[in-house]
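Shared between the two complexes below is chain A, which pairs with chain B and chain C, respectively.
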Partner chain A sequence: MEKYKLIAKIKKGVFQGLCLLSSQTVTLKQLGFPDNEGVPGSLIKEITLLQAMRHANIIRLIDVVNHQEQSSIVLVYESMETNLTSFIRIYPKVMKIPRTIKELLRQILLAASYYHSFNIVHGGIKPANTFIDPATNTLKITDFVWPRTLFNSNTEDPNEELGFCYKAPEILVEHKQFSTAIDVWSVGCIFAEMVTQKPLFSATSEFHQLAKIFSIMGTPSEETWPGFSRIYRYLHIYNHCKPKDLRKLVTGLEPAGIDLLHKLLYMDPKGRITARQALEHVYFQN
Partner chain B sequence: MEFNPTNPLLVRHNTSNRALVQKYFDLEVDFMVARGYSEDQRFIAIRSIAISKIEEYTSDQVDSFVPFLAITYVDRFLSTHINIPVVLRDKGFEENLKLFVFCCVSIACKIRCSNFSFVELWNKHKRAEVRDVLVMELQILEGLEWKVRPVTAITFMYFFLPLLKTEDPQQFLPISTVSNIIVSIQRDVRFTEFRPSTLAASSILVAAYKLLPELYSEFSRRLSRSGFVQQTELEQCLDELKEHVIPDYILNPEKCPVILKEINKWGVKSEKGKELMIEDSSPDDHEDTSEITTEISKEEDKEEMPMNFDLNWVDPEPRPIPRPVKQERYNPMQKILFCFWPMIMKCFGLENS
Partner chain C sequence: KVAYCPKQENFVDIDAQDVDNELAAVEYVEDIYIFHKLVENETRVNDYMHTQPKMTEKKRESLIDWMIEARDAFMNETLYLTINIGDIFLASKTAANRELRCVGVVAMFIASKYVEMLTDPMVYDFVEILNNQHEKQDVLVMEKWILSQLEWSLTVPTPYVFLTSFLKAAASITPLEIEVHIYF
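What follows is the complex of A and B.
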């Protein structure tokens, strides 16, 4: 740890620091371990994954430092101070500019497309772990909850990690097989939020979240999501809702953007657009 | 998606994205031992003990990838750090070495198996307190710069084999055969000097020579044309394979009953006391290899063959993402409530939205 100097505490276990060798500002994340399994396998995998990824829109893991007196490690990331939630709050006027939204969405999709090409699911894209450099409008994604939450049932509840608002319906109904499409749904939610500056599906529980999604996107039927009634046995408790007009809910978004949003928020994950396909959408062509 | 250790970058096995694949091949030098390791006499005894201990700790493993991976960690750590970490300060070198090896195995297990139970391994081979294990693991991971992804010959094998597909579905190289060769030659420290991709390509060509000799030249050409093979190194490695290792570890049925079953199905025959070169096998010796099954037999002379790992190779297949085992989200009362929910809502004249 002698290479780094702590500057300020950001939150519990997370600090802003300075690399004394490069004078680069960094984010230091201290991780302790449960005392029953050595270094958790999920963490080893996560670190090796982060080391492998090199992309302009993914926060880079610079270093891993042992902190052996406390049997912990410190992950050293490149520093990004402003997440999307704060960015929307601090720069509401900037976020009203369609070009800004388009550029930020493009960067999220570039990151998603990159790690999806490795068959990696982020599993927790949300504004709180999407960082922006206000000087350059460069967006970077961090905090891959994969594989921690997908592999280790003993760690924190993934629901907490994900936040309800950005969870795909197939996760909410505990569909056994889900894929990179869950990230695409989260990107769709963020897209809508960037336009309206508030979450599209805001809820207080998973039950309510699903009801909220159904109320806006329509309750799934055999036509819109074949086999859904078999996947989710509590479907009957929800009222049958017709899909609402997204143009009225996400006001100010151009028609091509509405079309893309529809495709990102397609209920049936099999029919949902991929990140790569989304990047080729006409919305990005003007 | 599940992290597939036999495919560290998780790219699909094709070469359609050449830049991506090239990056992956460029990585391998970071996962090799330091130069001169194979000739350094200091490590021979330690390596030998480590291999036998790894065999002990992994005797009940489903496949041989865990010990294979653990040995790569031992080699890489020793080649750069010379001394193993001393975590058990009140114990001698031997106990610390055992803990070091145990931790290499546990890290390999964690990388390989999503459902690995540390407690089970620890209970079975209790080497130290869990806290000491944690400290040792951290020192190993730091020493390896956390580069513990399996960038190994096995991985590269999965890249190369699809390049060798033929029109005849019967003419293919079984993954188990090639991987057996790769695992077998790992015992010989000289092969640590070669790139993992070179080892993979060499092992494939050796297998091709035995199984599909009529395609050997074609396969060799295809591998060279792929641009991912270091041709000079490949030839050196092939020479080593032909002259030294094949007779010792694969083609000698007296010494390796596990591999014998595989090799006999290839139709390779050997005589006791005579080293059998690759060239000794004629194409006529070959039998049907399309249904090679791996049977495990117990090694009798463990000291002579410390690399007698179980060779139950499991070909990676797309698997559904394991979901965390969660408790039932709704308790029985809530479930009953849900069943009658529409009726309740109707009674109270309410609707959910």
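What follows is the complex of A and C.
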């Protein structure tokens, strides 16, 4: 740890720091694990993967340092200040330019398809995890969901934006076999939010999130999502809703964009477009 | 960058038989080997015998033999990775004579965690292999020390990675025969 100097606490276990060798600002995340069996194998595998991943649109893991506590390590990431939530708030006019939206969406999809080619599911793509350098409009994604779910399950910051707004329907019904398609759904939510500057599916709690999605995308039926009633036993308690017209909800988006949005937010994960296919969509052709 | 070699007419695709096997990840098989080939040179261990005062070729050999005997439920891949981890560590840090076995066993502990999928191995099994000459705490401290020396990066292309592919290319032999070749 002597290589780094702590500057400020961002939230529990997360600090802003300075690398004393390169004088680069970094983000430090402390990660604890149960002590009895040493470092969990899953953590060794994950960090090895993170070390191997190099992509212009993914926040890079610079270093892993041993904490003085035996059952704790510190992950050192490159640091960026502005996330998408604050970017939209600070530069609402820039976000109104269709080309900005297109360029940012393309970068999110590039990052997602890179993760997916390693067969990694990010699991928590949301505006707060999406950083933008305002000088160059370079976008970088950070923060896998795993450190939180596996080791620090109770560190969710209550002030942090509500992550469930970006969760795919198949996770909300606790369908166990989720895949890379859940990230594509989150990207779709972010796409709509970049256009309208507010979350598309903004429910008041995780419990109401599914009903909110159904109210806009339509309640799944045997035709739109074969087998859904088997996965989800409580389907009958939801009102039957017809899909709403996304053109009226996401106003100002060109027709090709609306078509892509439909494909990103396809309810049945099996029919959802993949990140790689989305990059080939006509929306990006001009 | 690796030069792309176009597939020739008489090219036999050795992975074609696994197209339907999801676990074999045929779609990415080329990417994976290109990646391994790229990092092979980066992760190659230098000859460290002259910098490691208590180590000789002979001693390294008997240490490896001892490890194979000590742990019978050893997967091949784990064995090769263990040797790589031990070599990379010993090439960068000097260890005292009585620590050498501990390094070997902890390398084995880490490699088992990385390779073997279902459950993590128990630390006590490894303390036992060391005849209780080192305590559990020593093993855990050594584990973190070795991991940090390796910069937590275990994607080393061990000889095993290439061997399986070469054997597959040499003749379409069965997985069991591959196992046999790798051990002897």
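FYI, the second predicted complex is superposed on the first by the 256 of 286 C-alpha atoms of A that agree within 3 Å, B and C clash if a C-alpha of one lies under 4 Å from a C-alpha of the other, contacts with A are read in each partner's own complex, and residues count from 1 in each chain.
To be clear about the criterion, a contact is a pair of C-beta atoms (placed from the backbone, for glycine too) under 8 Å apart; a residue touches a chain by one contact, two chains touch by 3 or more.
Keep in mind it's a predicted model, so treat the numbers as computed, not measured.
S.K.: Which one hits more chain A residues, chain B or chain C?
M.R.: Greater contact footprint in residues on chain A: B.
S.K.: Should A:234 be classified as contacting the first partner (chain B), the second (chain C), both, or neither?
M.R.: After superposing on A, A:234 lies in contact with chain B but is clear of chain C.
S.K.: Which partner chains sit in contact with A:117 here, chain B, chain C, both or neither? Use first/second/both/neither.
M.R.: Both: A:117 reaches chain B and chain C.
S.K.: Please work out whether A:45 is in contact with chain B alone, chain C alone, both, or neither, and reply first, second, both or neither.
M.R.: Both chain B and chain C are touched by A:45.
S.K.: Between chain B (first) and chain C (second), which does A:189 come into contact with in this model arrangement: first, second, both, or neither?
M.R.: Neither partner.
S.K.: Does chain B (first) or chain C (second) touch A:174, or do both, or does neither?
M.R.: It touches chain B, and chain C stays clear.
S.K.: Counting only touches as set out at the top, which of chain B and chain C does A:260 meet: first, second, both, neither?
M.R.: Neither partner.
S.K.: Touch test for A:66: chain B only (first), chain C only (second), both, or neither?
M.R.: After superposition on chain A, A:66 lies in contact with both partners, chain B and chain C.
S.K.: Considering only the contact definition stated at the top, list the common interface residues of chain A for chain B and chain C.
M.R.: Touching chain B and chain C on chain A: residues 35-41, 44-45, 47-49, 51-52, 64, 66, 73, 117, 119.
S.K.: Which residues of chain C touch chain A in the complex?
M.R.: Interface residues on chain C, with respect to chain A: 25, 28, 31, 35, 109-110, 112-114, 116, 120, 122-123, 137, 139-141, 143-145, 147-148, 151-155.
S.K.: Please name which positions on chain A make contact with chain B in the complex.
M.R.: Residue list for chain A touching chain B: 33, 35-41, 44-45, 47-49, 51-52, 64, 66, 68, 71, 73, 117-121, 147, 149-153, 158, 174, 176-180, 206, 211-212, 215, 234, 236-239, 241.
S.K.: Which residues of chain A touch chain C once you look at their complex with the stated criterion?
M.R.: Going by the criterion above, the answer is residues 35-41, 44-45, 47-49, 51-52, 63-66, 70, 73, 117, 119.
S.K.: How about chain B: which of its residues touch chain A in the complex?
M.R.: 1, 3, 8-12, 17, 20, 103, 106-107, 109-111, 113-114, 116, 118-119, 130-131, 133-135, 137-139, 141-142, 146-149, 320-326, 329, 338-339, 341-342, 351-353
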